[in-house]
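Note that chain A is present in both complexes that follow, paired respectively with chain B and with chain C.
For the complex of A and B:
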């Protein structure tokens, strides 16, 4: 049995490397989707944007999403070191921050429907970009919820927490996408 | 790639978070100050943002470093 241990460990490492590469390729393909919708903003509207955009709300939800990335990072670190309590606490915090972000987007949508409805040029871009991104946040929240409950059942242990790592990487990607979407919609002039 | 101890990792995460918030606020203030032509500055700051998240939070270096 002991003779097989190094081979088993090597297999685990290579499986992990393949998982990571696969996830990064998936995220790259998602990156192309966001790059396409971001470029459509410049193609259709140039650098114009309405003055009525709620800038403070935009900055606020950006900071909330960045905070969720910090708690997600902490959850991953805790899981990787076998800290069950830290994992649960930080995953829950990430879910709350993510839900807060969606509440912020819904408030922005309510205002946007009056100021630049979806049939206007900027409205089309605004609702498409924030809608696709919010859908990614929603799927990320679902994945975090699954990971949270699996983790509470003790499914992730020190050195065997790929489920957490993969979900958290996806969550960070959603943050990266927003980092580009936020200035594209709210700030560029 | 050896993982940093939890304490070091958490402190590093906090610094990255602070840097990201500062960049977001600087972008916002830049928009208030510059009434036009802020696109190049936004692109530079967005690339820094994405780089920080990809390197520190997403551990992109795991792709080319060997596990121990």
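For the complex of A and C:
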């Protein structure tokens, strides 16, 4: 009884439009979470930045994550056009980029444990920010995995690919959040 | 087996807890730490246990199966057992919220009575200072949850779709999820005494909240989980109100209660993330050894207070805006007059939403915050009394020269105006920096916020409860008992809390189990009055329970009100309206010649409308 039959007949705004609105509201809400996290960095640490940060790795994982947004976009477009092959290929690429990003973050964490452990001022901020963001990446990867397997079974067709669209929009959001986190951690000085 | 989903939820929750707890212990063992440290095991175990509980109670069958490409199962239960299941009908969810939070309110009230027993005389009466602080903290968070969720979760769920002529909310399964997150919250909070309790108050300021008993961690997890429910609920109401209004239900014809929920939902959607982050910081501090609040490592305890109040001040508007909505609704219908200054009230609601994000630091006037921040936050705080005053004046304008029908709900709405006036005016002394420095952390503050939230919102909850009781249950309450409850509660409420202003000015500190002997008289008086206040709830509960079972069957529209919820049967059918209603005009134009709010839809007509639009 999730949706009663007459509801479909009675609705004046399409289900797709309602889903889109709901997702945007959720992303707005999540934006406040990242705003809180970023503001706490400036409140506690100001513009302080340790010289021991691995700048090459930081830039590397940023590029990988931005690349994943491109393939995610291509996956969404392919699904919307009913291009089964393109969808599978690009979703898989996105998952691989996302996983690479997480590998990069874990290497970063191994180094950070020695340079600025979680009990230090900068370490507190660094581990919290990257940790909460990595958790979002992980949930995005899970959703992409679900979408990937459902899509291989042919669940998304031309004009009926909200599952892909919603997941990809969330993925873009996680990327945009990183675009704010990256300069906050690595660049300000 | 009616309770099978609950059993499934509990067992999967237990499995999840063991799995998560084992995982945490394993990781700690691998890292060379003591594997059985209680708090990390509890935190990770709880996260897994929560997921297990939700999957077992219904998330798996109705939803998660889809993620694996399986068909979701339909639940065909239509009798009382719906109330114990993952049901997506907004009316069932509304009743689930109302009953749950009614019980929590009674528990929180019982704690308040225990505290008043302790405060009857100087020295130890019933419990020591530690137990008193635990009781005070638990009372605080239980009542905050009641204040946030009774109207937003209970009345709004039951009524918003009805008031806008919709069949359900925009996301019915998320709606059910937002309710079924609540039982773990209640279990955690009621389990805190087993783990040493938590004595840092509901505000949980560090450094105390970082170093006290493990009960604090249960509290943090509970509040965090409750926040998720709040965010999901806010999102759902916004999407519902934006997209599911019946034809003709334009924004300027929206019932004022719906507007108040819209405004409050904006706050709970966004600000709640801040408190989630604040609580998470304390959990990390306790479990992962971070240094957010440890100044030796560059941390700052004030960070928590900023983050916490950035949510928790707007949160009082999540509590009071829907209360304004209920009261204005009741005042208009029982004054038989158009709602005074409707558009100004809508503007006031939205200005309150915006301003509420710029007042938080008035909670930090005495915390050691930079002095230059005092003036701007004093000004913004006093500014917010302008839209609040508009709402209050709209209430007075509505009853002015009206033909008042003094039913029980109307009496409670008028009681709201009386109490809220006192609560509002005493707030000015706390917004002003010079007086606040004197009054902060005294019973003046206790009296002020109880006048706004208990004298205000709880009176509004009672007004709404009696007003919509026939719609929700299909039965009529006993009006004489209702009026007895009102007068009993109004008098004993004021006898309890009015003296506290005086005690606060005399220097009676809040959050302490003991006080100087000079204050014995006023405290004894407030305590005795509070016992009579508590007894008034016996009348309420008796009336509600007996009427629900044996009260006279209610008509569809016992109040002859114009809004849409009364234009269908009591209680409404599964689809709310046999056919979609058409909205023609304002809901409040009582006595305006020729004005019509709505016209019932024609069965099958909805299809034609859709074709015409498509």
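Note that in this section the second predicted complex is superposed on the first by the 176 of 189 C-alpha atoms of A that agree within 3 Å, B and C clash if a C-alpha of one lies under 4 Å from a C-alpha of the other, contacts with A are read in each partner's own complex, and residues count from 1 in each chain.
Here is the rule we use: contacts are C-beta pairs under 8 Å (C-beta built on N, C-alpha and C of every residue); 3 or more make two chains touch, one makes a residue touch a chain.
Everything numeric in this text was worked out from a predicted model, so none of it was measured.
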Partner chain in contact with A:37 - chain B first, chain C second, else both or neither: second
First, second, both or neither for A:119, with chain B first and chain C second: second
Touching partner for A:17 - first (chain B), second (chain C), both, neither: both
Which of chain B and chain C A:172 touches, first, second, both or neither: first
Which of chain B and chain C A:45 touches, first, second, both or neither: second
Touching partner for A:83 - first (chain B), second (chain C), both, neither: first
Residues of chain A that lie at the interface with chain B and also at the interface with chain C: 13, 17, 21
Of chain A, residues touching chain B in the complex: 13, 16-17, 20-21, 24, 47, 55, 59, 62-63, 66-67, 69-70, 72-74, 77-78, 80-81, 83, 86, 169, 172-173, 175-176, 179-180, 182-183, 186-189
Chain A-touching residues of chain C, taken from the complex the two chains share: 62-63, 67-69, 72, 74-76, 87-89, 167-168, 170-173, 231, 234-236, 238-239, 242-244, 247, 269-274, 276-278, 280-281, 284, 288-292, 294, 297-300, 303, 306-307, 310, 574-575, 580, 606-607, 609-610, 613
List of chain B residues in touch with chain A within their complex: 3, 6, 9-10, 13-14, 16-17, 20-21, 24-25, 27-28, 30-31, 34-39, 42, 45-46, 49-50, 53-54, 56-58, 60, 62-63, 67
Residues of chain A defined as touching chain C within the complex: 1-4, 6-7, 9-13, 17-18, 21-22, 25-26, 28-30, 32-33, 36-37, 40, 43-45, 118-124, 127-128, 132, 146, 149-150, 153, 155
